[in-house]
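As structure tokens, here come the structures.
Presented sequentially are two complexes of chain A, the first with chain B as partner and the second with chain C.
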Partner chain A sequence: MSGIVALGVSRFRSLGIRGGRTGNLLALLSALWLLVTLAALIVPGVLAPGDPTDLRPALVFQPPSAENPFGTDQYGRSVYLLLVHGARTAMLVGLASTAIAVTVGALIGLIAGFAGGWVDAVIGRVLDVLMSIPGVLLALVITAGAGSSTGVLIISVGVAFIAGFARVMRAQVLATRERVYIDAARSVGFSGPRILFRHVLPNAITPVIGLATIAVGEAILVASALSFLGLGPRLDVPDWGQLLASGQPFLVQAWWVSTFAGVTISLTVVAVSLLGDWLKDWMEK
Partner chain B sequence: MTNEVLSLNGITVSLEANRAIRLVEDVTLTIERGQVVCLVGESGSGKSVLARTMMGLTQLDRGVVVEGTVTWEGKPLGRKDHERLRGRDIAMVFQEPVGSLDPLFTVESQLTESLRRAHGKIGSVELRRRIRALLSEVGIADPDRVMQCYPHQLSGGMCQRVMIAGALACEPKLLVADEPTTALDVTVQAQILDMLARLCTERDMAVILVTHDLGVAARLADRIAVLYSGKLVEEAQSDTTFAGARHPYTRGLLECVPLMTGPRRALLATVEGSVPDPADRPTGCPFAPRCARATAECTQMPPMSIEPGGRFSCWHPILTPTTLVGTIA
Partner chain C sequence: MLHFPILIDRRHLMFLIIVKRLLAGIPTLLAVALVVFLILRLVPGDPIRALLSSSPPSPGLEERLRSQLGLDVPIPQQFISFLWDALHGDFGSSYATRQPVTTVIGQQLMPTLQLALAATVLTAVLGITFGVLAATYRNSVLDGAIRLFSLLSTSMPSFWVGLLLIMFIAFQLRLVPATGSGGFDQLILPAITLGLPAAGVVTRIVRNNVLEVLEENFVTALRAKGMSAGTIMLKHVLRSAVIPAVTVVGLQIGVLLAGAVIVEQTFARQGIGKLLVQAILSGDYPVVQGIVLLIAAIYILVNILVDIAYTVIDPRIRMAVRSDA
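Our next item is the complex of A and B:
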């Protein structure tokens, strides 16, 4: 699943519709979708009044109707309610895990790039090992070891993304520290740490921020994949990946459960990616 | 010498990976108070490395080894001593004016950094007054507008003025200027050089001016030090150099300079060949392979010969005066 969405996103990019009018339109549509998601996150009750975890045996596998816009699942829960209320978990995991990855990754990259020598060599090899394991697998291992809850999900997805950020940051720091203004800052008499945080960090961080906006989408995807595999939050917390998994055995009788869950995940990930890309281009202008 | 500001004693800079590769070899040089010393040489002769060594910056680089000592007013400098002097008694101006300002900060905030570093806490009103004064001093007509600008909004010449203002913020006793005008066009170059000359006299500030242009050196220098392939080959008072440089390489450089007045030469002379790769330097005098006067003796490194006006390192010095007719700049 994650492969397909990733492919879709890279197709979008390779079609060359990032810049120009089409790019702006797509960014606008993405922003609108994310606004809806954000509303679902902040005030789910307004968009979808009712209790999403309410089990209604009489209403099992109802097709989409005015009352249940996206139908109901095998417990009679409204798919629409579950999706709206599940936005909180998805966005929380996406944002929080990316925040962990960026903070820790950027700090590691900063130290490796600025210290150099054996420090850089040791950090570099550890990152190589981390990079050699696919993110989903790494997160899977951590979740499997630490048990499943939203907190563990956030940390495991975050850890899986650290290496990527650390490498980009390290490369940026190496490029920045050779700039003349770093020499100039030294010639004014400033010491290492001050130059590191005032001049190297702010100049090196821009591409990392760009990468982070795209990574939020990927984090949502990895988190959904993990909870699809049963390693997500507890069953009474509405979650997109979980819903996708629970509908999967009944795809023939009740197509709507997995389909709406899958479409929601895909749209959100694509929207975050496109908007992130657009932001990155905009920042680099 | 009581007037001595900074001096280099037997400075050798080599690569850590291969100590036989020397970027600068055994350079001894003294700068006195209020003096303008020009470091002249071709690309790759080690001028910039030497300038950065005076600032203590080469010493911080990875992968190079610095031997010899740098002294300040007679006292040898350790790494921490050097850091303390930077931004207080010595300041530097770099070759790329735009690149030497941090693109993320306005002129005001960069000058604030320099001023605070040199003079400690200053109130904001006083700070703005001082920034305005510094910018006016380097010939910026509208300091209030320039203060609010980011480096990319300014031209190369403006950025260089700002850099010089930053360097002057600490009222240094020594300013190291590494090809400060190379990236600028000719009219701006002349303005900047005149300004440096003025500041030097007004503030009794010593200046190390790195340049590959003897015309620039002629304008400002009290003394001229000629570097070739990492070695100091000749050092003398400016007029001595222009009247009768002893080293064939210095002569060669002088003949390359177009004259402003006097008879027109059909073609400018050139020094054939190029500076040897530091990894593949000949033994003895590094200039020998390009030198018309070279003999078997030149495979031995010539010692420094000291004369009243200066010193040179050559077995076969040219003893006649230069044939330059006219003025250089």
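Our next item is the complex of A and C:
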């Protein structure tokens, strides 16, 4: 919940893992982990056959074993099954909310940067306002009004990130529109929209993609925090944040419930972040 | 004697700038109020239904409650009367306890402010120290460790970090109490939990800034003149590298206040974060509105103050402002 996306600062995050063998290896491992989570999103039954919501009173708090690799929770549900099937919520929220934020934010930024004048001024003020409500809080308020479900989670996290993308996009457009080739395109008589989509957009897209990879990780974190607070999807939908929260009162008896959920969330966010870094370096080369 | 008029002039100018910036924060805050107000009223979901869900159905009760809480008039009118009351220091009453919102929030404000302040200090100290160390010993094992810290602290869910701290430091080592609020020992773990992600962000920025400054020409010149690396770092690099970090620490305060919502829940601490979650779960809109507005106001104010502090610390900006005005 570092709020980097909410601030729209992309250049701040480079970890300094510049290519090299270690960088490539880390990126490869990250990609593998994300492939596993994507597989869990698309075909959870293949990775973990069985019903994750199956309540088995006889198997409450079983420690990790061959049968239940990550143990069982207070209802006798398999933690492994819950984690695999819970990837759906996490990845859907991460990807879909970022998609909303990128599309809407980039469009707003493009319009503001290209139109300039009073349009830019008005949009700038609106973004200022959105930015003065911290992202987690904005998402909280939206779920407060609209009730909790995966759909609301996607929209509220997405809305919270819009301003960051709009800022970055606007800055990029302002930087590119003064270039000579844009002048050239204009003097040839190309229309505004054509210049916008054919010339300005492709040049501005790199930092937006960089920010988008951070946004996916942050969206997963915000979503898991909201479910931790009891504002996530319904209780019978497997969800990482919810699982982590449900293991909290039983930390001493059954460390495995919260621990495996926490490790899964962290690994996913780390993987997105490392892969994003690598991708950014690769695009800048 | 020649100093005098210039001095007064500058102070006068600073005062004007401060007033101007503070006034500019007011429309932003009004707009935030409008946004929060609209989100809570336009999205589907009805506080009256939520309030009545636990009591037996009785005809006419819903209408009576609605008019009593002022929810039967059109939304623009509701907003105007909310603003008018707010101007007089009245932010409405909690649906749940019927106490004024200002009282409800006031009772819970101190623990959260203490937590946020402790976390901010931690963020600044850890972030700047780690960032400078990592840049100084670039590509060493220390740098690698600090970069790993920065990656993990921004990637781990803060409530899980909280649980790990509870598990190891409170339960295993029994150094501090696991939960509750009040004593200083109960502040330590929550402050660490809240401060770590922000510290990770600041570390990264300071590291990058120091590395950038180290490559500038004036540093090369100082080196050529024979100045030691330590002196260059302390006297010249730090100043230009750390000033931008001040802004980021300021910006993180909003994130920290919002993060307090999660941390207070993890450690079962009193505070406005815990209050906010309760208010959201019970549909207590006036309290939700009050807390979000308060956090936004603090955030806006801190950003303005950071802006001003920036002007004071960095002479280049001060000169720009002077020639501007």
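By our rule, the second predicted complex is superposed on the first by the 269 of 285 C-alpha atoms of A that agree within 3 Å, B and C clash if a C-alpha of one lies under 4 Å from a C-alpha of the other, contacts with A are read in each partner's own complex, and residues count from 1 in each chain.
Just so it is clear, a residue touches a chain if its C-beta (ideal position, glycine included) is under 8 Å from a C-beta of that chain, and two chains touch if they have at least 3 such contacts.
Please read these numbers as outputs of a predicted model, since none were measured by experiment.
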Practice problem: With the two complexes superposed on chain A, say which partner A:49 touches: chain B (first), chain C (second), both, or neither. | Solution: neither
Quiz item: Looking at the overlay, what does A:193 touch: chain B (first), chain C (second), both, or neither?
Solution: neither
Quiz item: When the two structures are overlaid on chain A, which partner does A:180 contact: first (chain B), second (chain C), both, or neither?
Solution: first
Quiz prompt | Touch count on chain A, higher of chain B and chain C | solution = C
Exercise. Classify the contacts of A:202 with the two partner chains as first (chain B alone), second (chain C alone), both, or neither.
Key: first
Quiz item: Given the touch rule stated above, what does A:117 touch, chain B (first), chain C (second), both, or neither?
Solution: first
Quiz prompt | Touched partner set for A:57, first chain B, second chain C, both or neither | solution = neither
Exercise. Please identify the positions on chain A that touch both chain B and chain C, taking each partner from its own complex.
Key: none
Quiz prompt | Interfacial residue positions of chain B with respect to chain A in the complex | solution = 52, 55, 57, 60, 62, 83-88, 91-92, 94-96, 99-104, 113-114, 117, 163, 166-167, 170, 176
Quiz item: Okay, in this complex, where on chain C does chain A touch?
Solution: 27-29, 31-32, 35-36, 39-45, 147, 150-152, 154-160, 163-164, 166-167, 171, 197-198, 200-201, 204-205, 207-208, 248, 251-252, 254-255, 257-259, 261-262, 265-266, 276-277, 279-281, 283, 288, 292, 295-296, 299-300, 303
Exercise. Can you check the complex and tell me which residues of chain A touch chain C?
Key: 1-4, 6-7, 11-17, 125-126, 128-130, 132-137, 140-147, 217, 221, 224-225, 228-231, 241, 244-245, 248, 251-252, 255, 258, 261-262, 265-266, 269-270, 273-274
Exercise. Would you tell me which residues of chain A are touching chain B in their complex?
Key: 116-117, 179-181, 183-191, 199, 202-203
